[in-house]
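If you scroll down you'll find the structure; I have some questions about it.
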Amino acid sequence: MASFMSLRDAVAENLKDGDAVAFEGFTHLIPHAAAHEAIRQNRKDLTLIRMTPDIVYDQMVGMGMVRKMIFSYVGNPGVGLLRRVRDAVENNWPQSLEIEEHSHAAMANAYEAGAAGLPCAVFRGYRGAGLAEVNPNIKSIICPFTGEKLAAIPSVRPDVTFIHAQRADKKGNVLIEGIIGIQKEAVLAAKRSVVTVEEVVDEFDEHPNTCILPHWTVSAISTVPGGAHPSYTHGYYDRDNARYIEWDKIAADRDTFLTWMKENVLDADPDAFADRVKDLRTAA
Amino acid sequence: MSENDFTPDEMMTIAASRALTNDDVCFVGIGAPSAACNVARLTHAPDITLIYESGTIGTAPDVLPLSIGDGELCDTAITTVSVPEMFRYWLQGGRITIGFLGAAQLDKFGNINTTVIGDYHHPKTRLPGGGGAPEIATSSQQVYITMKQSLRGMVDKIDFFTSFGHGDGGDARRKLGIETAGPTLLITDLAVWKPDPETKEFTVVSLHPGVTRDEVQATCGWTVKFADDLEVTPAPTELELKTLRDLRERTRIAHSGKKEKAA
Amino acid sequence: MASFMSLRDAVAENLKDGDAVAFEGFTHLIPHAAAHEAIRQNRKDLTLIRMTPDIVYDQMVGMGMVRKMIFSYVGNPGVGLLRRVRDAVENNWPQSLEIEEHSHAAMANAYEAGAAGLPCAVFRGYRGAGLAEVNPNIKSIICPFTGEKLAAIPSVRPDVTFIHAQRADKKGNVLIEGIIGIQKEAVLAAKRSVVTVEEVVDEFDEHPNTCILPHWTVSAISTVPGGAHPSYTHGYYDRDNARYIEWDKIAADRDTFLTWMKENVLDADPDAFADRVKDLRTAA
Amino acid sequence: MSENDFTPDEMMTIAASRALTNDDVCFVGIGAPSAACNVARLTHAPDITLIYESGTIGTAPDVLPLSIGDGELCDTAITTVSVPEMFRYWLQGGRITIGFLGAAQLDKFGNINTTVIGDYHHPKTRLPGGGGAPEIATSSQQVYITMKQSLRGMVDKIDFFTSFGHGDGGDARRKLGIETAGPTLLITDLAVWKPDPETKEFTVVSLHPGVTRDEVQATCGWTVKFADDLEVTPAPTELELKTLRDLRERTRIAHSGKKEKAA
C-alpha cells in the first residue's frame, strides 16, 4: 500500500546496504532525484540492475557504492562511454566492480519474468553471441514440442525498484505515459518500490488502457518535481541533452567528478530538481 | 552542386538511405543508422516504418534523436509500447525487415564487436556493450551495417562476438539454427559492400565517387575483395543532400537550443 | 499491408477450408459479423481457436463447419452452456467435434508466445489439474536455475485471425480500446488477419500508449458498424445481454436453431448489424 | 426486519462478503462471487480491489456484470490490461489475495469440477470448463468457494479435477510444489466451512440462522464433519440486505432495460 512520504524517508526505509536495486528508466523518466538521495545516504555494497545504466549509475559506481552491476548497455546515451564505470572495470577505481552482462532482449524478458512471478525468462536469443560464453547465467531449455533450443536466464527480482512517473492520484495509484520502458515490470518484479512523481492529482482522467500501477503495488511515493532531470518527463519537461554531453567531461577526470558530486549531489537536496527543469518545461 | 560537394560521411548516410524502401520496417540504432532511415523517410520512402527499441513504432521525428528514447520519437509515433513487448512481439516476432547496426569492430563476415577491446574479463577498453544488437542480428530478416572505415574498426579478428553475422562464413548461421539472412549490406564512408553468396565474405560492389581501391584497402584490416562488375555509387542528389543537411541543422539547433536554455 | 475491402471479399480472400482460425474477443468486441460472413460462405473443416467460444462458435459448430476446437471456456457468458457445442460433443450432431482444451492462463500464454514468435509458452500452471492428463499438448520444462517444473504448451499460430475494433485510420492502422483482451496477440500470432471496424477516421488523436495495430500487421479491414453485436464496442454501443439470454432458447433445439440461422445469418448480410445496435448506442 | 426475512442465497452471498477486507485483491468470478465481492465493497470494505479476468483492475461496477467483460467493469476500473498481462503479472505474479470460485461439483477437500459429468472423452454432460480456475486455484494466496448445497454438487468423488484444492488432503498441495494456501473457506447457502488444519477436510464451523445439521448433511454427498465449537452465522444486517437487494434490483433493471430496448 503506497505511503506518501519525503524522498529522504522513502530511501531510508526502502534501500538497505547490500540490496539489489533497480533505478529504472529507458532514456525517459530516469529517477535521478531518487538516485541522488541514495548517494547522499551513502548506501554501500549495492547490486545495481538496469538495462541502460547511464549517468546516475556512473555516479554511484564512482562514489564507491556498488559491488556488482547487472545490465545490457552501459553508455551515456547518444554521447558515448560511461567513464566512471570504465575506470572501475579497467582500473578498479574506487573499487572493483563485478559485472553481469546481458542483451536488451534478455534483460527485458528477465524483468517480464520477474513481474510474472517466474524463476526464469525463456526467449530466442544469444545465438552466436559471445555473452553466452562469459556469463554463466545464460543457459538454455529445449522446446518440448519442436526441439528448438531457446535461451533461458534467471528472472530479475530486485529487493527494491525506484522509478519516476508523471503523477499519482490521492489514493497512490501511479500513472506512467509516453515511453513507458520497463518500469511497470521493474516495480512488479521487486519486493519493494519507491516512485517519485511530478505531482499528485485528485484523480486520473486518462484513457482506460494507460499504464497505471495500482496503489497496492507501490511501497512509497514522493513528490519531486523535476525528479528525472536531466532525463525528461513526457508532458512536463524536455530532456536536457546538454547535461548528458557535459557529463562526458565531468566524468573524464576523478577530481572533477568528485568536486561535481559534492556541489550538485552531496550538498544539494531533492528540491533542487524543480529549478533545474524550469527552462525545459513543455506546453501541456 | 558538383559531385565533390559532399563529405564521405554524407555519402555513407545517403547510400544507406537508398537501400531502404517504403515496405521496410526498420529497427533503428542511434547515429548514422538513424540519419539514414530518416533521410529515406523524407525522400523516397515516406511510408517506411521506423522502430526504436525504446518502444516507439512508426515514428517520424523532425530532428534526429540524441538517444533512442527522445520524447519526439514518442510524440510522432503511431504507438509506443513497453520494452518487453518491443523485444518479444516486434523483434523476436520476426516483424523487423531491416535491423540497422553500427560497429566498433567488424570482421569480413559481418560479425560485430561493441563490447570490449582486449580480453572480456580484463578489458583494455570497456565499450558500452551490445544493447539490442545480439538479437537484432538474429531476429531481423536482414541486417544492414554502417561504419566509417579504419584499421582499428575493420579487423581480421574481432575481440568479442557482440552480435553474430556470418560467423566464419558459409552456412554458419544455419548451423546455429539461425533462420534469418543476417548482414546483407555494409555501407562505409568509402564503399558499398555485399556478402559473397557462397562464402558470405563482404565484397565491395560499389566505390563512392572519387574513392580508389587502394583507399578502401588502406583503411581495412583484411584483404579486400572487389566485385568483378565494380560500380561507382551514384553521388548524392541535390534533394538527398539538402534533406540530410536540413535534418542535421534542425537537430543541431534543437540540441544547442536546449543547451543555451539550460545553461 | 492492410487493404480496405468488403467483408465478403475479406473473408473470401483470407479464410480457406481447413484453416485454423481465431475469431477473438473477450466478451467485448467479438467479431460476430465476420463469423456470420464465414457461415454464409460455408467454410468447412475449420479448426476454431478461442479462449471463450460463445454464440458464434456455437453457431459455426451447429452448422457443421468445424472439425476441431481449441479453447479454455466454452460457455454462453453469464448465461450457461453452449447447447450446439454440447450436442456435437455429446451426440456428434451434426458431426463429431474434436476438442483441445486448456486453461485461460495457458491460452493467454499460448497467444502471447505466438505473437512473440516462440514455439511454446512457458508458465506456472496446470498443477493438479485434470486437463494435464487428457491433453497431450500439455508438457513441462524444468527451470535450469531453480529446478522448478513449469508448464509448456505449443504457441497458438492461427492461419487467420478475425477481430472487431473501434476504428481504423486512413492508412489502415487499427485502434482497440477498453477491454482489449487477447486481440492484439491473436492478430500478431496469425499468418493473416481481418479486422472489422465501426468506422474509418482520418487520423487517431489518442493517448500515446493506446493499443494500436500498425497497418502493416493487418491483411484486410472492413467497415461494419455494429459488427460486434450482440457483443459490444466500448464507446459505440452496449452489450445486448438479452440476445445472449435468448440464445440459450434458440440453441436448445436443432430445428429452432436452423430456422434462426437461415433468417438471421444465411439470408442476412453485414449491413444488418448497424440496425441491430441502433437502440444500444452509447453517448460518445 | 426479522431474522427470517432473507433467502438462503442472500445469506450465502452476505456471509461470503463478510470474509473480504479492504486489503484484499480479489479475482472475481461471475455469479455469487461477483455479488459477494461487490456487497463487501459497498459495505465494510470500500477499498477492496476487485479484478475480473477480462483485464479490469480495481473495478467498481454500479450493477452486477452479466459477463466477466461487461463494459461497466472497464468504465469504473483503475486500469484495464490485456488478458496475457492479467494472467502473467497479476495472477501468476502472486498479487491476488483471494481467488473466488464457484463449482458444479465439489469434494470435501475443495477440489472442483466444472468440466464434464461422466468420462472426459465421452461425457454425459459437457460443462463450460475451467476458464481461469486451474491457475486461480494455485496462484491465488487463498481460494474462497461459494455454491448452493446439493447431492449432485457436493460429491464424494468429482468426475474431473478442473482445479486442485487439497487433493486427497493433508499436504497434497506441497507435494505438487504448490506454495499457496488453496481453499480456506467454503460458503454455502446453509453453512460456513473451513478446512481442518491437518486433514484439510472441509468442516462446518457455522450454520446459517435456522439451519440444522441434518439439513446440511441431507444436501451433501459426503459425511459432514462439524466443528466442536459450531457457531451460528450472524443474520444479515439491514444494511447488508438492503445493499445486496438494491444491487440486484439495479442489475435487473439494467439488464431488462436493454432487453426491452433491443426487442
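We call the chains A, B, C and D, going by the order they appear; numbering starts again at 1 in every chain.
Following the convention adopted for this analysis, a contact is a pair of C-beta atoms (placed from the backbone, for glycine too) under 8 Å apart; a residue touches a chain by one contact, two chains touch by 3 or more.
These figures come from a predicted structure and were not determined experimentally.
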item	value
Between chain A and chain B, centroid-to-centroid distance (C-alpha), Å	28
Inter-centroid spacing, chain D versus chain B (mean Cα positions, whole Å)	57
Chain A-chain D separation of Cα centroids, rounded to whole Å	40
Overlap residues in chain C, where contacts from two or more other chains coincide	112, 116-118, 123-124, 148, 178, 180, 185, 208-211, 234
Multi-partner residues of chain D (at least 2 other chains)	74, 80-81, 88, 92, 139
Chain contact topology (line, ring, star, complete or other)	other
Each pair of chains that touches, named by its two labels	A-B, A-C, A-D, B-C, C-D
For the chain B and chain A complex, residues of the former touching the latter	30, 53-56, 65-71, 73-74, 80-84, 86-88, 91-92, 115, 120-121, 123-135, 137-139, 160-164, 167, 172-173, 176-178, 255-256, 258-259, 261-263
Chain C-touching residues of chain A, taken from the complex the two chains share	116-120, 122-124, 137, 139-146, 148, 150, 152, 154, 177-178, 180, 206-211, 234
Residue numbers on chain C that touch chain B, as the complex places them	1, 112, 115-118, 173, 185, 188, 208-212, 214, 216-217
Residue numbers on chain D that touch chain A, as the complex places them	23, 25, 49, 57-58, 74-75, 77-81, 88-89, 92-95, 139
Parts of chain A lying in touch with chain B, wherever the complex brings them together	26-28, 51-52, 71-75, 77-82, 85-86, 89-90, 101, 103-105, 108-109, 111-112, 123-131, 134, 148-149, 178-182, 184-185, 211, 232, 234, 238-245, 276, 279-280
